[in-house]
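Take a look at the following structure, please.
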Amino acid sequence: MKNTYGVSVSVTLFGESHGPYIGAVLDGLAPGIKIKDDYIRKMLSARAAKSSISTARREADEYSIVSGVKDGFTTGTPLCILIPNSDTRSGDYGETQYLARPGHADYTAECKYHGFQDKNGGGHFSGRITAALTAAGAICMSALEDREIKIATHISRCAGVCDREFDDLTADFEILGNADFPVLDAAAGERMKEEINAAKNSLDSVGGILTTAVTGFPRGAGEPWFDTLEGELSHMLFSVPAVKGVEFGKGFELADMTGSAANDEPVSVNGEITHRSNNNGGIVGGISNGMPLLFSCAVKPTPSIAKKQNTVNLRTGENTEIEIKGRHDPAIVHRAAAAVSAAAAIVLCDMLARRYGTDYLSGNKD
Amino acid sequence: MKNTYGVSVSVTLFGESHGPYIGAVLDGLAPGIKIKDDYIRKMLSARAAKSSISTARREADEYSIVSGVKDGFTTGTPLCILIPNSDTRSGDYGETQYLARPGHADYTAECKYHGFQDKNGGGHFSGRITAALTAAGAICMSALEDREIKIATHISRCAGVCDREFDDLTADFEILGNADFPVLDAAAGERMKEEINAAKNSLDSVGGILTTAVTGFPRGAGEPWFDTLEGELSHMLFSVPAVKGVEFGKGFELADMTGSAANDEPVSVNGEITHRSNNNGGIVGGISNGMPLLFSCAVKPTPSIAKKQNTVNLRTGENTEIEIKGRHDPAIVHRAAAAVSAAAAIVLCDMLARRYGTDYLSGNKD
Amino acid sequence: MKNTYGVSVSVTLFGESHGPYIGAVLDGLAPGIKIKDDYIRKMLSARAAKSSISTARREADEYSIVSGVKDGFTTGTPLCILIPNSDTRSGDYGETQYLARPGHADYTAECKYHGFQDKNGGGHFSGRITAALTAAGAICMSALEDREIKIATHISRCAGVCDREFDDLTADFEILGNADFPVLDAAAGERMKEEINAAKNSLDSVGGILTTAVTGFPRGAGEPWFDTLEGELSHMLFSVPAVKGVEFGKGFELADMTGSAANDEPVSVNGEITHRSNNNGGIVGGISNGMPLLFSCAVKPTPSIAKKQNTVNLRTGENTEIEIKGRHDPAIVHRAAAAVSAAAAIVLCDMLARRYGTDYLSGNKD
Amino acid sequence: MKNTYGVSVSVTLFGESHGPYIGAVLDGLAPGIKIKDDYIRKMLSARAAKSSISTARREADEYSIVSGVKDGFTTGTPLCILIPNSDTRSGDYGETQYLARPGHADYTAECKYHGFQDKNGGGHFSGRITAALTAAGAICMSALEDREIKIATHISRCAGVCDREFDDLTADFEILGNADFPVLDAAAGERMKEEINAAKNSLDSVGGILTTAVTGFPRGAGEPWFDTLEGELSHMLFSVPAVKGVEFGKGFELADMTGSAANDEPVSVNGEITHRSNNNGGIVGGISNGMPLLFSCAVKPTPSIAKKQNTVNLRTGENTEIEIKGRHDPAIVHRAAAAVSAAAAIVLCDMLARRYGTDYLSGNKD
């Protein structure tokens, strides 16, 4: 069950960077959910490389859904999403293919797959596979929105530049829905892009932090042990390539807070229980409390850089140097934003279906 | 499968803070693993409350293993570990039981269990349940040590005081093995305890960060998608109560690093491939690379504080105040260290058994 | 996840025949389900050895539920059920312990556990473990009955003697509810007992077939591929020791029928769709159709017989003979009836919770 | 995890009878397993409709594997197998689409999917999906054969005509490997075909029993509780459409045997332990004992028959009659033989990978 995740709603990923297709099987969605192609395309477009700050590789990301949809609605059976790899250039079949790119999975893939792995473009480890994850997640996001559950992710930090924090989520989601570059403060976004370009010019790369908010998520979902909302979300989020840290609410800042400052006090407002603060990111005891879900992902700098690096030839075992040619992203944090929202949406659909049954998301009645 | 985690090696937790027993079922361990009672007791003791900086509640934590062990060795069938709750004081059956303690799961439990949950002492949400998790994990840690895979956790930060970083892991593991308070720098530990006591005197509490290292873990374990080592470990670690963030290697610091600084360059030393740095915490592409595994957990300050707080009466829905009486920990980060090591050990045993088969840990041969 | 089964509702088994306790952890039941001790005791009593046709070993089967229940209702957290082993006689520590009993798991256990398995009384393979399964299943059966879903099992065949078939299920369930020996036709039951006693007197044993009916099960549960109702039920039922075949509806008889005879024609009666026959046992395409669920289990004759048999000494590898001493059941089919009903109840609770959510069985409302 | 089965080796199915593709994702196979296209094609051909006794629908079953294979060997990452649906005729969009075909899943699909299911050609319930299952299973069968583990299935009974039983498995596997119609006794096969044709001429259909043998399967695989070999195999086998019963070894016949006749006595032959008989079908206590695995599946008669039948209009709820037009199989038992072998192969690969690790099947060494 390696490439499959989820219980009631699950996703299975397959494909390699330079194979004919990458894709995903999305299973467990209720029948009767409307498939919105515009929505999916917008998410894929947000994930796609673009403008001066991304790789020059262009993918049309023309997906097709070959099962599980009829007349524009989910049937309740698994959706298989196929995305052809159109812009694959011929692989490097010389000695370079044996040079482990630092920061990449080339060496660990060799340990695990004994040389049988597809090395072209990173193979199954390629960030390209997130296009399939994003497409599957976009369908889940759209289904959640139909139930007034909304997700948005912004770059809260990139190359030392901070975006402003989430404030009025309704307004902020509107901003992010229209943004070409996922930040709340456009000026901060411009400075981030400058830093990204500067890194590119130095033949280097930069990382960042993504912060996600979810509104409208029902209270009472999640489990106290093991299948906590935090555990389920982080399990998924660490699959988004380059994510090396996940925190909820104030996360690592909580380590320096006192209990009296950190505790979110419940308060009754017009007969409904809410909380005076949201330091726990909407999750206490592993279970949602009705506040917006808040979490952040640390994204490491893109490992592919043009600078010369030391490495090992995996065939000969000799120490050598590597200069990675080709098309690289000096940052992927802006592209990862879409993947993070989409990936989280799959988990949230699963947690709702587990708790409320498989028809919850569509509102079908027996 | 809510309270069960793991695939080839799995743990199931049960029990409430004030019930007759808490316990764990540990399944999937190879037959022929030696059960070391001293080892288990030491881990339980490390988790137990003690000295001036912990709750006054004392638990003997006398466990018994009622299945799966014969003549001191695992049989290969599930181990059930029972720990009686000896020091339970009578619950508060007045109106106080309906007051949601801020930062606790009282309100989310009410949302999920509709009032049927056992409220005494936090019931199934109690940190007490980690005694069972720690006992199960101690058996896994001991089995890993028999294969030269070692785990240790220190408090890298508490109430603003930093411990020194891991350096020579062999020496540092020795220090932590003998430490009463899990720090590498005893002086830093004393300052942390002072801060903890200061918090206690202010009727408040503090949090911290735990950093864990694992040596000897084989390369090639973990999966590229979903069942990444990071995803599996974090899924488990977020079950340790109060953990609100998990990061691997440099984690959130990576967001501010450049690719050239962050990338761990492979290097061949005496014919064996290793790496010049370990910013990725021993995991690249979800898979172990033979470097020590390194990860950190953010632990929020103990939610139970003696200070008066605002809250809601869950029965009447009225806003009110709460003063939590009784025995509290002004910090739990030092106690959580044992639980984190133990919990991680279960996941690591599982990942090894998945990859190398169920007999790997015992070295049995067919 | 070896000794754990189920997704939304799951059971974990542990224990050995001669250890201090056997037990089960039952997880995922909705909060607010009434625990009926009489019901559980009645099921355990039906499973227990009794009268002249069973082993002389007597177990009080005094269970205790040490978690997950408060004030007589489930809390929504895992129930751990403990059953002490009271009547364990000292094991045979001579050479006999190495003689593989034919038809038992002694040899396969040796292959799998390399000699570390607990051999006393069959250890973890003992039919005794079904007491814990039956207790867990009894709680599920009781919860199902609260929703008007009822399960009953009769011996449809034993030692060549047939019981009559199910007819009026309401009346038949009443008969079985009051029966000491689970047959619909008391005279057939007497003849079965005679055959069982005759087998005993010949130092031999007999098998049989159990047929189960479930009324009131909602239509629309189950999945077309893999998690079919048949697949889920059979997966569980083959865990009941000695079950070697499972069929649904007419089962193997369908092989000799024509399509026109086998097809169950739908028919609308007073605006509700039902079927003119039930050859498919209430399941078509893996999914329930609202007709009673019907399935049968083939139970092999008890492998423990007093007759001398050929076997191998697993320590020396030498061919030898074995005469199994002690207390045996000349048949277990009548005892297995309770285990089969109970085991099926766990699966049915799981399938309902998967489809309708975790609160379905209790009717709690958010 | 509805359409996904398996733990270490798993398969996910997708597709509808008249959609653009059906397919399967096969995950968890070791890297370095040779993909043999001839082998896959032969299995697909055995499953395909042919000759006078099958439906007139012809499918080329041209599959493509779009991921997980490089240079003819598995990479260790998931294989996605796509099979286009070429010979789909336009669906019936009149009132007929609402008439529940007796014996089919039309009514249960309606209950589960509320009318959103793809009704054309049975949609996701179509036996056509077994082409994808068979292709995935063929890869597993081929991998098993590379380790000298062989699987073959014959029609042991069809329309009242019995094939002879398995005898010399080496010779019998040879016969079945060359047979166009999977029987051991060609004359019996001819009589079966006559009966099938007679059924066709009567506008009716017939069923049968498939019996499968597996040689070379290692001893010691399987679990005592829940993940018994019987439980795992049956869970999968009940997914093969029309299978309504599964038995192991003598199965239901064991119900009428005595213990002394049923028990398989171990015997040491040239220092290796084997058994004097194989009534248990190579599985005792849920675990393989080194004898050939033997199991049988009851296959119900094809539900699609040309005879007029009573049914209900699912849209209007009215009783009516149905005459199913089009291309039908008067029997599917001969086609199901390939699917049963293939489906079992997936489970057996999974059980081996669980026990011996993911590299077991390829023999890779770390």
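Think of it as A, B, C and D in the order they're written, each chain with its own count starting at 1.
Convention: a contact is a pair of C-beta atoms (placed from the backbone, for glycine too) under 8 Å apart; a residue touches a chain by one contact, two chains touch by 3 or more.
Fair warning: this is a prediction, and the values are worked out from it, not measured in the lab.
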Chain of greatest Cα-centre distance to subunit C: A
Between B-C and C-D, the pair joined by more C-beta contacts: C-D
Whole-Å gap separating subunit C and subunit D, where each centre is the average of the chain's CA atoms: 27
Between subunit B and subunit D, centroid-to-centroid distance (C-alpha), Å: 45
Distance from the mean Cα position of subunit C to that of subunit B, given in whole angstrom: 38
Residues of subunit B touching at least two other chains: 1-4, 7, 13, 77, 111-112, 124, 220, 224, 359, 366
Residue ranges of subunit C in contact with subunit A within the complex: 7-8, 77, 218, 220, 224, 354-360, 366
Subunit A-touching residues of subunit B, taken from the complex the two chains share: 1-5, 7, 13, 100, 102-105, 107-109, 111-112, 124-125, 129, 157-160, 199, 202, 204-209, 219-228, 230-232, 234-239, 241, 243-268, 271, 273, 276, 279-281, 283-290, 298-305, 307, 309-312, 314, 317-319
Sites on subunit A touched by subunit D in the complex: 1-4, 6-7, 10, 12-16, 19-23, 25, 27-28, 31-32, 64, 66-68, 70, 73-80, 82, 111-114, 116-118, 123-124, 359, 364, 366
